[in-house]
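Scrolling down, you'll hit the structures one after another.
One chain, subunit A, links the two complexes that follow: it is found with subunit B in the first and with subunit C in the second.
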Partner chain A sequence: MLYNYVLTAWKVFLRRKFFTFINLFGISLTLAVLMIATSMVEGYLYPKGPEKTSANYKVIDRLTLTNEKHTSTYGGRLGFKFIKENIWRLTSPEIISLNSGASSVALYQNNQKMPKSFRRTDANYWKILDFKFIEGRAFDHGEVEQGQFVAVINQKLATELFGQSSAIGKSLDFNNQRFQIIGVTENVSEIERNATADIWTPYTTMPSTSYQQDYQGSWEVIVYHSDPSMLDEIQKEYINMLKNDLVLDHQDGMSVAYSGAFNKFENIAYQAFSDEYSYQSGTKTLATVLIVLVVVFMLLPSINMINLNVSRIMERSSEIGVRKAFGASASQLVAQFIVESILITLVGGLIGILISVFLLNLIEQSGLIAFAEFGMNLRVLFIGFVLILVFGFISGAYPALKMSRLNPVSALKGGE
Partner chain B sequence: MLIHILKMVWNRKKSNALIVAEIAIAFLVVFSLTALALRNYQLYQTPLGFDYQNMWRVTIKPSAQWQPERDLVAVKQILSELEKQPEVSRAHLLDNPTFLNWSWTSSYELDGKIIRYTGNRFDDKAPETFGMTLLEGRWFGPQDSGQNYTPVLINKRFVDTFFPGENVIGKNIAEVNEKNPQERRVVGVFQDFRQMGELSKLTPYLFERLDIDSSSNRPLRGIELKMSPNTQIIFEEQMQKIMKRIAPHWEFDIQTWESKRQTHIKETLLPITILAIVGCFLMVMVAMGLFGVLWQNVTARTQEIGLRRALGSTEKQIHAQIITELLVVSFFGVSIAALILVQLPLLGVFSELNWSLFGSAFFIALVMMTLLSVICAFYPGKIATNYSPSEALHYE
Partner chain C sequence: MLKLSNISKTFQTDKIETIALSEINMQVDKGEFVSIMGPSGCGKSTLLNIMGLLDQPTEGQIEVDSNVISSYKDKDITGLRNKKIGFIFQSFHLIPDLRVIDNVELPLLYRKMSAKQRRELAQEALEKVGLKARTQHYPTQLSGGQQQRVAIARAIVGKPELLLADEPTGNLDSHMGDEIMQLLENLHQQDKATIVMVTHDEEMAKRTERTIRVFDGQLVH
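Presenting the complex of A and B:
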């Protein structure tokens, strides 16, 4: 039966090549746009680089400090003192790591300025994030404790500075400090916001120690547990601590703190929709907004396809008349037309996937997002497939219903 | 003629409804893109109010809390050391940098009005070096030191928004009370200072005076340098060394205004470009869809057209009929879209979308949709004229 439907559909597509082309054009480009968006979101949510352990950790990188009446508010990143006095008391995480966030720094070589990003971290950072070292190693607890001037750099910087020769043991000068390079890692995509940098050094090499007195600063914290289901416990413990057991001897009358340990999806939601006096991330709102956006974007191509298909009913009225006269039920006809519609969407979808692979390659090479790699993987393909089915069903259902309702007598006569 | 066509369109309202819906949505897309493009073009045309050539910014990144006794001395020393360099012609203080999304907005109530503005601080000589234009009054000067008022400079938009038609020089623009005993006296009005660049919003702007000798506890955040022309970027390295020697506890970020400006324009235009590409693709799709539907409809209406030809309609009249029909359908679609769109300025959803912008964007979008309809209907209409009456009436 299905075989017959497919065969009929094929003949119909070939009969009017121009209409098939219009349909394919709309479907493939719509799906290409959606696939590109999906694979970018996917690349953010499921990183392939050092952050591939992201299912096991949450990030605390936002803090709102305020007073009882919210008349004076600081919103931003965390200060070292806040981390030391509060977050380090958390008992549920297995590993707690802090780093300074990525900031820009200029290196000068051969009369050229090289803008680079660098990050000060502790030793735990290297345990939580899965960096691939090309040579050398990360710095350990001892080196951090002693404030040794050692640095890890990425492959691109190593090649820029030393060409093909090994970078290990060489020195690196920036910010008037001299570091010894002890490790070279693979380049990290800019989309991995907690891992990306060109240079990593121990946080204890900060030129002054007065950062230890600040509740507000530029720090971010990663809390890790080997069992992903424990991450919610960490969030609960943290919020509980902020509500009931907060240490904050601040001079400006700040006595209330809002913050949260978030995974990647929660983090976007928090940035986009959460108000600053909240512990919640607003993931439901984000999910709703995303779904509405996708539906609205698919609406125009769908209506377009419905229009085309409806106007082609007449073309097939004699076929429908014959099928009805020989006893085909309305539901059988509906099924047939939906199969047809899904079939053409599938073909369009495949073309769309090819287009999106091509465009994603272009985006990667353009260097718009440094070291980004957006691959097609099974998850993205699966989402694409679901989109194709939804799209095919939406645009096939209404014309199919309309066709199945044709009166067989008038259909055979060729009129409505 | 038109009434007749209206009747025909109405008679086929069921099959036309979807086309109307499609055109309405397409019009919403075209309108949004046009409005966005127009708005940015207008912004780009509005003068910046300052020169960015040969200007460099040094942002101070303190790794410790600001301690005025220690840090003001360091900044002063840095300023004088830098000015000694032959590459540097002038050195100034400016808190919030140009061309970055780094701004200080503030608001307060005065005589029942909410005064909302973007603020900044600079030193006395800075506006001349930045190439800003003074319209009334004067810039800051030593006569402002030790006074019982806070001198401020405001831009023309500030005056036009909050004190239209008034002479504001010497005017106090703050609510004076116990908490806020000092008046804020306007000493001058300048043309503009569009801190965040050509594509940023137009806001009322206010400068406070930054006097390093009587500076409060507020940290100083940046130094702006006017460089002699053709200074190589590598001079940065030397600057870093000089500044690090004076203030080893700070880090410095050096950027030219020109490079910040390029980044700002690129970052603003990128999302608009992506939207425009997606919008164009949607339009091509709609156009091809309409074209297909019309072609199909014309084929289905062979008998009707044959009859009209037999009764003496000319080819031209048939052609015009098909095109006018689509235009009438488009008109319905656009009207529905217009009903939705007009809510935006009525409800003031986007403060940027004023009536004149709405009007011009609407007009351009209307022209584009009309063109699109005519183009889509042209070829199917042409086909319709090819039916000879006898052939058409024989259709069955």
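Presenting the complex of A and C:
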């Protein structure tokens, strides 16, 4: 039976090329866009580089300092003093790491200016994030404590500066400081916001120590626990500390701090929806908005396809009448038309997947997002496949139901 | 074979109630070739649709093979239609997207049957209507008479006990109409098919064994 449905569907598609083309075009484009979006979100939420340990950590990189009446407010990243006096007192994280965030710096080689991104970190940073070293190693606690001028660079920079020869032991000059290279890591995608950089050095090599007196700054903190379920505990402890046990001796009279330890998803939600006087990330709002967006995005072409299907099926009302007269039951007809619809979505979906693979490749090659890799992994494919089936079912079910209720006599007359 | 008792049919539109059939009593016996005649709009097609279980009478009772039809629910009558009745329509109603052979196989799709068996029966039916050579064509590639012969092959492929033909020659010129009529006569004589045919052509009606005349929704004797 199914074979016959498929066969009929195939013949109908071939005989109505224009309709088939319009349908395929709509479906494949919609799915391609959804797949690309999914793949990008996937790339952010489930990194493949050093941040692949992201299930085990949360990031604190936002801080709002204000007074009781909110008349004076600072909103931005964290100052070193705030971290030292508050975050370092947290007991629930197994590892706490800080880094300066990525900033840009100019390197010169043969009088050519090379803009590079640069990050100062502690030694814990290398324990939490899973960097793959091509040669050499990361800097350790001792080197950070002593403020040694050592640096880790990525593979691209190593090749640019030293070609095929080893970078280890070579020196690197920038910002009027000279660093000795001790390690080379793989390139890190820009999507991995807490890991990406071209150069990493100990934070203690800052030219001045004035940063140690600031509650505001450009720092970010990563809090780690080997048991992911403990991460919420860390967030709770942190918020509790901010509310009840805050150390803040601010010159401008700021006495209240809002901040939070967020994972990747919470981070998007926080950026999109949370207000600055909140400890919450607003994930529920984000999830709702995302679901609504996807539904609307799927619904529009679905409605379009329902419309196309209804008029096409009405064209085929004589066929429906004949099938009914010769013994097709309503459920068999519904099955037939849903199979047709799912089949065309399936073909459209496969084309959509091919288009998205092609476009993602194009985005990767373009260098729009440095070192980005958007794989079509099984999860993305699975999501895409589910989307396709849902799409096919929605767009086939309504017209199928509508026409299966036709009385055979009126169907044979042309379906009033 | 088929018995109609006190069959009435009224159509309800917004305000007007149209009586299409009233108090019809008739019977078709096994192996008969019966024609139904009457002016257009007299209700003869409605009568045929009711015989074919395509339409539900407002009142009255139908018996097919001594089975009283008590329910017009989809699942109760689709099987009956499939096994007992074959339809031939004035405008053929072939499915343009399907080849001749697939059109003929259509009634068998709704039976438990292997694809091979379906194909064999369809070929047999096409042979009977003299279109063995056209199995791979599409309906639009055939003449009107050929299309109607495909439709007849479709109607007989499942070996139904009753063939219902609604003006089978109405869309054809007299030569082709004659061919179709001969085909129906052969089916009747050689295969002992029971046939009920609606027509408004006196010549065609004369060639059947018995003619039922309908006027204004009633049988005329």
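Keep this in mind: the second predicted complex is superposed on the first by the 404 of 416 C-alpha atoms of A that agree within 3 Å, B and C clash if a C-alpha of one lies under 4 Å from a C-alpha of the other, contacts with A are read in each partner's own complex, and residues count from 1 in each chain.
As a convention for this text, a contact is a pair of C-beta atoms (placed from the backbone, for glycine too) under 8 Å apart; a residue touches a chain by one contact, two chains touch by 3 or more.
Since we're looking at a predicted model, the values are computed, not measured.
Asker: Quick check for you: in the superposed arrangement, does A:Met1 touch first (subunit B), second (subunit C), both or neither?
Answerer: second
Asker: Thinking of the overlay built on chain A, is A:Lys11 touched by subunit B (first), by subunit C (second), by both, or by neither?
Answerer: second
Asker: Just subunit B (first), just subunit C (second), both, or neither: which does A:Pro301 touch?
Answerer: Only subunit B is touched by A:Pro301; subunit C is not.
Asker: One more residue to check, A:Val292. First (subunit B), second (subunit C), both or neither?
Answerer: The answer is neither, since A:Val292 touches no partner chain.
Asker: Any idea whether subunit B or subunit C touches more of subunit A?
Answerer: Here the partner covering more residues of subunit A is B.
Asker: Report for A:Leu354: first if it touches subunit B alone, second if subunit C alone, otherwise both or neither.
Answerer: A:Leu354: touches no partner chain.
Asker: Looking at A:Val247, would you say it contacts subunit B, subunit C, both, or neither? Reply first, second, both or neither.
Answerer: In the superposed model, A:Val247 contacts neither subunit B nor subunit C.
Asker: Starting from the residues of subunit A touching subunit B, keep only those that also touch subunit C in the other complex, and list them.
Answerer: In subunit A, nothing is touched by subunit B and also by subunit C.
Asker: List the residues on subunit B that touch subunit A in their complex, please.
Answerer: Residues 15, 18-19, 21-22, 25-26, 29, 61, 63-65, 232-234, 236-237, 240-241, 244, 248-249, 251, 253-254, 270, 278, 281-282, 284-286, 288-293, 296-297, 300, 396 of subunit B touch subunit A in their complex.
Asker: Quick one: in the complex, what on subunit A touches subunit B?
Answerer: 18-19, 22, 25-26, 29-30, 33, 103-106, 108, 111-113, 175-176, 206-208, 210-211, 213-214, 299-301, 303-308, 310-312, 314-315, 368, 413-414
Asker: In their shared complex, at which residues does subunit C touch subunit A?
Answerer: 49, 52, 54-55, 74-75, 78-79, 81-83, 86-87, 89, 93-99, 102, 106-107, 109-111, 115, 154, 158
Asker: Provide the residue numbers of subunit A that touch subunit C in the complex, in ascending order.
Answerer: Residues in contact with subunit C: 1, 3-4, 7-8, 11-12, 15-16, 316, 318-319, 321-332, 407-409, 412.
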